[in-house]
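Sending over a structure as structure tokens; questions will come in a sec.
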């Protein structure tokens, strides 16, 4: 079975470490915050200028001046700091964020990522995604392994305009967890009940399959 | 009063001198911390052909979006413009130009503009469409692109409190691009919720020193929320 | 405690890992806002061959000046080193290297180092000895030189108050280079006068967010005054 | 009579305007603060991170954490702001300071200034001087017209290493106020009782003497 969005978030959460500063993109990455392991603390960075993002506000707490990068109303966690956009991206660009999790349309075996633009459709803009992928050492991309039409999103060369070049080393799809090394995807783990064959079939870029590919457990 | 008193008493006075085809840098992120009344005044003035530098272009009917209604904007420099149907329509019709700029690069371009730094290198955008036509240079084995700074004829800024000398503090995440925009305008106009006397703000806690501020005005603000999200109490 | 608790309990622990020939960035301007106890600990450790990046090198017998006594400093990167006879003596004897850097360029190099900007252009120093060997480029009809950023193996910083998560505020002009140094160290150590619990500092008023701080320690400070000047009450 | 240090400061103070942000260098420039015209306010920028420098403290007010760029104990004026060195030089480099007054060893007809280094003697460093002359549009250099040995400091080409190239337009010496235009010093005013001949004699660089050179009055 392919992973649910919740399971994908749970799997990403296993990469967290106590004391990590983490930037979570919109969508599945946001859900990761719900699965921080017991006894561990992480601090969420929101690129509009908030380090230490708390939960959504109650009706009474709602404040138009307190939002996250998705423009949702949020709260500040204990020990938060709030600053300008230049300071926020100084942190990001300077490599001070420990883990960045974001979605994508495509990833390729060179570590390229395409996530912001589909030519011919409207161009909404890259927001902070280009800064995030350029600035972080440790990035996990979360996406479905293939499109609804079965076309692989793990490619030898991205077909869409890039968000960043040569910056991705870890990909979690609904079928597998893979790492990118020496111009190939390395299959590290598979979703429960998903066969290696299915992953091979749905991976267009070069895929290295080790002798043993453990199944994820939840 | 002192030559440092930046307070003006009307939005007409605040935006005096704004002319067609000028460049205006605006603070705000989404609808958070936007200079709502200064934008409204630009609509009233009907100034055309503007280049607006702002992370976003508001939404239909609010924020910078209202300047699209009478086609006052010729060009937007933004990182994300996905919240606005009229924007899309004018863009597809070729009536509006857009220069998409990564959010962190945009913030740094404003800061650099205000700080007398004409250009800087960043890894952001290397190998992407953003790098087209830009110099690439290697430092310590990594590739970076050259990005030039931005300054504006005017900067429009939303603060929380300011003293009469134009020392400004921002509230929560309404800070965002505002202090950067404030440094990068030839003429910088700040609208705030409250004006206090000099000496009432703690000197080390001022976000925008008054030296950057030319005109200061007290406004009232709707503060529309773009994505209202709540949890159960 | 939480993984964000940056507090260490001894200066030995604070400077663990500092080795010969490393680069250390230090906050402070003159003797104001210098990390006195961290400097003292480096003296005790006897680490040699250090490159120190700091606006000044203290005075004879205090501040960074004490690291000259046992010739622990191989190279200083500073804007002004005129307060120190031992410095002069070692420089003239060829025992000490100095890279003089304009004060604003030095500040910006530290900020850029912390912010992932490998280099920037500035008009400062164009046409002077500082420009030797550096690229000159024209932007908008004016000449600028290319300056590269600075990072250090360690940064040593003096704050006023910090919470356990390493969020720091500085007092008065003791701020100076400290928040810049704090961003530019692979390992950043902050010593402060008071440590408070997370939540006690107002989030918008924090000068150095805890993400930049690896180790935090409470110290006591002499705060020597370099030029005592008074007026009659 | 050559101007005294106090008279030089008084003359510079006439260039002040109400609401000016001003950076005053060490020495004669510092004295300018004592001659701000009645009814006018200026705000002093000190490049170590203080905008709105007040008077020296009383014994009771002395605070080691509050100093100026000369490392002297000072106070903050009402409405002051205090910030980092990067912010301070953003102001300076970005051209936000209205007037900068500083001393020099030499100035030349190309607007070059030498003020920080005498080869063979100890090099103390340029401090913030290179940033100040590069960042300001409006700079007044204050210095004696000639050395104690009678050697002119107003040259066709500076002999000492430069602080800045092509950035100086106004010079006040103990003998004259001059402006630099089109590769020459223009003699604008002379000190009371100082003859044009003396100024001509002590100016090595090309000097343009208008038909009328008013005497300064104090």
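Going by the order they are written in, the chains are A, B, C and D; count residues from 1 in each one.
In this section, a residue touches a chain if its C-beta (ideal position, glycine included) is under 8 Å from a C-beta of that chain, and two chains touch if they have at least 3 such contacts.
From a predicted model like this one, the values you see are computed outputs, not experimental measurements.
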Intercentroid distance (Cα basis), chain D paired with chain B, Å: 35
Gap in Å, rounded to a whole number, between the CA centres of chain D and chain A: 55
Rounded Å distance between chain A and chain B, as computed from the means of their C-alpha atoms: 29
In chain B, residues with contacts to at least two other chains: 108, 111, 115-117, 122-123, 171-172, 175, 203-204, 207
Junction residues of chain A - those touching two or more other chains: 76, 82-83, 89, 92-93, 134-135
Chain-level touch network, classified as line, ring, star, complete or other: other
Chain pairs in mutual contact under the definition given at the outset: A-B, A-C, B-C, B-D, C-D
Residue ranges of chain B in contact with chain A within the complex: 29-33, 55, 78-83, 88, 91-92, 98, 100, 102-108, 110-111, 122-130, 160, 171-180, 207, 223-233
Sites on chain B touched by chain C in the complex: 108, 112, 115-123, 137, 139-140, 142, 144, 148, 169-172, 175, 203-205, 207
Chain A contact footprint on chain C (complex, rising order): 2-4, 111, 113-117, 163-165, 167, 183, 198-199, 203-204, 206, 209-212
Residues on chain D engaged by chain C in the complex (per definition of touch): 46-50, 55-60, 62-68, 70-74, 76, 82-86, 88-89, 92-93, 112, 117, 122-131, 134-135, 161-166
In the complex, chain A residues that touch chain C: 17-21, 40-41, 43, 45, 51-52, 76, 78-83, 87, 89-97, 134-135
